[in-house]
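As structure tokens, here come the structures.
Next come two complexes built around chain A: one with chain B, the other with chain C.
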Partner chain A sequence: MSDIYIICVEDEPQVLDVVIRDLAKLEEVFPIEIAHSADEARQLISEIKEEGNRIGLAICDHIMPGDKGVDLMIEMQKDPFTEHTRKVLLTGQAGLEETIEAVNKAKLNRYISKPWKPQQILEVAVDELTTYVIEHEKELLPFMAVLDQERIQEAIRSKGYV
Partner chain B sequence: MESRRPEKPKAERHPNVIGASARPIYDKGTFVEKIKEMMPDSELMSRLKQTFPEGEFMLRENQENTKLYIILDGYVSQVKEGDEVNTNIGMQGPGDFIGLLSFQTGEPVFTSAKSSTKVTTLALDHDSFEVFLTRYPEISKTLQGLIFSNLAERYRKVVTLHVEVAELTKQLEAEKNHLKKTIKELERTRNALISQEKMATLGELTAGLAHEINNPASALLRSVDYLVTTLPDMAQRASALPDTGLVRFFFEMGLKREYADTAEQRVRMKELAKKYPYINRGKLRTMAEMDHEVLDRLKPFAEKAEKEEMLQLLLDSYQSGIFMNGIRLSTARIEYLVKSLKSYSRQSGKEPEVADVREGIRETLQILGNRLKDIKVKIDFPEIPPVTCFVGELNQVWTNLIINACDAMNDVGELYLSCGLSEDKNNVWFKVADNGPGVPDKIKKRIFDSSFTTKTASQDFGLGIGLAITQSIVEKHHGTIEILDRQGGGAEFVVALPADS
Partner chain C sequence: MLTRKKQKSFNLKTVTGLSLGLFGFLLPLIFQFDGLSYAGHIALGIFLMAAVFWMFETIPIYSTSMLVIFLQITLLSQQGLLYSETQLPEAAPEHQSGNEWLVPAGAIQDGKVLVIQDARKYKPLEVNVLETGEMTRVESADISTDTRLVADTRHKLVGYTPPGFSVFFGTLANPIIILFLGGFMLAGASVKYNLDKNLTNVLLKPFGQKPMFIILGLMIVTATLSAFMSNTATTAMMMTVAIPIAMQVSKEDKFRIILALSIPIAANIGGMATPIGTPPNAIVIANLTQQGINIAFGSWVALMLPLTILLLFIAWTAMRILYPPTIDSFKLSLKGSFDKSLKAKILYALFAITVLLWFTEAQHGIPSSMVAFLPIVGLTVTSVMKQEDIRSLPWEVLWLVAGGIALGISMENTGLAMWLVSSISWDAFPQLLLLLVFGFVALMLSNFLSNTVTATLLIPLAVSMGTAGIAGEGFSLVITSLVIGAACNMAMLLPISTPPNAIAMSTGFIKTPDMVKVGIIIGLVGIVAVLVLSQLYWPLIMN
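Take a look at the complex of A and B:
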């Protein structure tokens, strides 16, 4: 079975450190990869694709050197490989227009503003990944341990597997 | 114009101070007709006839005059010659007199007279005047009447002028007061605009700063959260280790960790995953960040799956070092930002201060850091003398010019900042240049106008009067600002300010 990756794109190393730490619990099931810029993220995405894996969740800063986070997300939305990836914008500042653009063009799923509350990123990640696996995975049991158990049980019941 | 016929003399005016019924007692037209009728038969009159071509001075101010001219044909303009400007007093036509005052009083000519057309006159000196009166009794009465009426007219004019002057003075005074009020109003509006624009830039800056501060703030908060959960147990967990000094070692190595390229990091992580298939990714990630020396110390704990707890402890210790360092860096960053903001936005006092302007530009760059992420800033700041200035206001100048450059380049490009001393050593100059599209000559002329902007409302928080305000601040400092083409493309703003000697 291929792996479902979480990718984090953030230009500030200290912020990246704490994001990974917040998500550590999920890494037992969802490998985490990081990138410091949109360019690095592109390279990362193509590596994950080549290895035959998928990306379930992308957490992305907006203001970075080079392409902005919203641009990267729009790009991901257009690419069939990352179209279904759940997309979360993590930022200290994005104008209203950019946010609207992200919602409309990148099908942005969530917006987290910096600084975030303890557990906030983890909760959002769990929620979004739960949605992702329910929509795209046949076998849901392996995800019970780290994701939203209630929603997964509900999904298993409605899909008719037990 | 084909003919230069002067305007007809204005119809007699009857100002309200003089009886409106005042009317010339004697008719000039009839008088002239009469003379013309008599002329062919009168040898004296024919002799007294004098003509002037167009544009000739019949009388010059302050010169002696011994003649009285009676205009028969044509028009004569009377001019009071000033130092700079000549004032037209009026136009005289047929039946009017030229030289009447000087002729009667013997005083120098009061106003010059210049023929506006070809002019025919009867020119009488004192002798011929006497002869004229006795020779032609039938018209002498009319002549005297006309002379009297002419003088009365002059008197009336003087009175009218007095009244007009008084009225004008009153009007002028009212206009002056109105103007004064308007200027005050304008000044108030200008100040309001300046502070509004300042608030708008501040709003823009704050949005940028929010991001700048929220990043380290996030790192700080989350790092502390991590340490709060990890540190308390660490000492107890360390008791299981053969050498408790290892905890300290890994902590210190974590403190010193440098950020590696993420792609390289992935490669190292994969290598480690092959080597230690039983270690989970979270641990492998931390291990991938260690250099070989540190990894060697970890080996004994990594190679045996049953030492997993100790491996975890050492990795936690390393990670704690990383977060501790993150806290240090984030705090320093926030401190620096706040310090820059404080000195950047400091309110200017009433009195200017002697300051190194380069400092203000550097602070402005700090504050604008967010806008400059994709802009290469090239600074060439040699030593220059200080400038007596309002630092806060000048910072507004640098902010506007730099934001302007960023806008022009769409936030991607190169920004050149330089300064120097003028050749005569009286001025220091500062250049803010970019490698954007530059400014067309047509726009250059208007770029400092307050009504001119290329921005649309959605692009900018400001009012689009940034450059107008920039100019007004520079002028307040007795400096100049101009816009040039940068060599190699782009725009270049040059601000020159008087140097402190």
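Take a look at the complex of A and C:
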């Protein structure tokens, strides 16, 4: 079975540390990889693809040196490999227009504004990954312990298998 | 790196399974076993291969079933590769004097010759063997110059009359399969219209807020629902009720263990209560039906319900002693209301009528699988179940059961099952010990294999002991099959034992030792209970 990755794209190391710490609980099931810029992210995505794994969740800052977060997300939406990846924009500085673009063109799933409350990132990640595995995984049991149990049980019930 | 390692061990498992399976298939073709017919050798090959594939899950268990049926139509059917052109080899007896005849040595087996009736049929005739040699001298008044004998008693048509291929295909429309399909339709529609959830809310209310009574309530409701729905779907649904309760207690509280354990246990046990509760029941019923023994829906429930109630109570008591709750009471938020749309009402009505008809078979005499066609037709005619709903039914389970039934047919009619059991002199065994052995083997196997697969492998053996009359006095085919079926459903030692166990384990509320502790109690008490019932209670119901 291939692994489902979480990727975090953020240029500020301190912020990245906080995000990783917040998501630590998920790491035993969903390996977390980081990138400091859109370019690094592209390389990371192609590495994950080559190893036959998938990306379930991308958490991305908007303001970064080089390409902006929204542009990266639009690109990911166009690529079949990352089309179904759940996309979360994490930023304090995206303007209204850019945000609209992200929603419309990148099919952005969530928007978290800085500064965020403790637990907020984990809650969003759990919720988005739950949606991802329910939609894309046949075998849901390995994810039960770290994700939203009620939703996964409900999915198993409605699939109705014996 | 980790991923690659997983990949490699997966390949190793597949390769081992495949080669063992293939070896199993070829073994009877390489070695000749005494007393087993030619067709029996082929059936043995199919049996060994299927057993290996089912045990190792080299290929999905339902596709093993498909493979079984494929091999049967190609190798064991009248139209298949081996039998389509075959005729019995003829030999004419040479007249000596009076009633004395010379026949080829190969035509005699255990003091009998086989008199040919048509190209594929013969009748055994006992003769008096006077002198053996290349041509054997025999004495019999029933042989004439017109008599044609089977020249070779080890020919592939001896001991086996190949059935038409449609017999093997037909297992997929076996009445028991249709009964299950009816059950699937009702269960699928119930999930679609949330009947299962709303029923749960109504049924749980009287159990109040005391922890152990909530558990008792959860167990009773789970068992009731899983008697009609799949054990897995019931477990998942009940977990959505249990998880909010679990969130009210601290992570260290052992009450979480009881919550997570009680539901899969009750779902496994509840599956025993009705014929449609769980697939092993189908294997029991299908095998008995082939022997001309019909068990009505209501009689099955009458036979199994006391066992179900007893096991639920024992599991509840055991958990109460092992993990005493520390909290006094809970808030149970039971939300939701019954769907009042027309379609939902049609479902409620059809469900009620079907179950009523199932339980009253003794009064009206309509077999339960005929009744099962009522919801199949009723729910589709009224569009309560649409195309996409029908597609999402667990069809692979029907294939799994059909393959099991088909394998049973070949084990029976090739003489394989009989050959397997006749190597041990069973009549030396007291009946109770025999039941204990079967029950214990079923329980052990089923803890590691799919319950359905275990039933598929064991029940044909019990059936042939019954039909061959080698089991000694007091042997009852029905009781032995029921003991095996019940034992298959009582296996809940490990997370891998049943899908409900796997679901409970995945919540992270329990550890394997917790499951093993309660599983051992249920397994051991269950076997004793089923033996007691088989001697004291079942005979009353069946007469």
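Methods note: the second predicted complex is superposed on the first by the 161 of 162 C-alpha atoms of A that agree within 3 Å, B and C clash if a C-alpha of one lies under 4 Å from a C-alpha of the other, contacts with A are read in each partner's own complex, and residues count from 1 in each chain.
We take it that contacts are C-beta pairs under 8 Å (C-beta built on N, C-alpha and C of every residue); 3 or more make two chains touch, one makes a residue touch a chain.
Just so it is clear, the model here is predicted, and its values are computed rather than measured.
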item: Which of chain B and chain C A:Ser2 touches, first, second, both or neither; value: second
item: Partner chain(s) touched by A:Leu96 [first = chain B, second = chain C, both, neither]; value: neither
item: First, second, both or neither for A:Gln153, with chain B first and chain C second; value: second
item: Which of chain B and chain C A:Pro142 touches, first, second, both or neither; value: second
item: First, second, both or neither for A:Glu40, with chain B first and chain C second; value: first
item: Touched partner set for A:Pro115, first chain B, second chain C, both or neither; value: first
item: Which of chain B and chain C A:Gly52 touches, first, second, both or neither; value: second
item: Interface residues of chain A shared between complexes with chain B and chain C; value: none
item: Contact set on chain C toward chain A in their complex; value: 3, 6, 187-188, 191, 196, 230-233, 236-237, 239-240, 243-244, 278-279, 392-394, 397, 499, 502-503, 505-508
item: Chain A to chain C touching residues, read off their complex; value: 1-3, 51-53, 141-142, 144-145, 149-150, 153-162
item: Chain A to chain B touching residues, read off their complex; value: 12-15, 17-22, 24, 27-28, 31-36, 40, 43-44, 47, 63-66, 91-93, 95, 97, 113-116, 118
item: Residues on chain B engaged by chain A in the complex (per definition of touch); value: 207-208, 210-223, 225-226, 259, 262-263, 265-266, 280-282, 285, 319, 322-323, 326, 329-330, 370, 373-374, 458
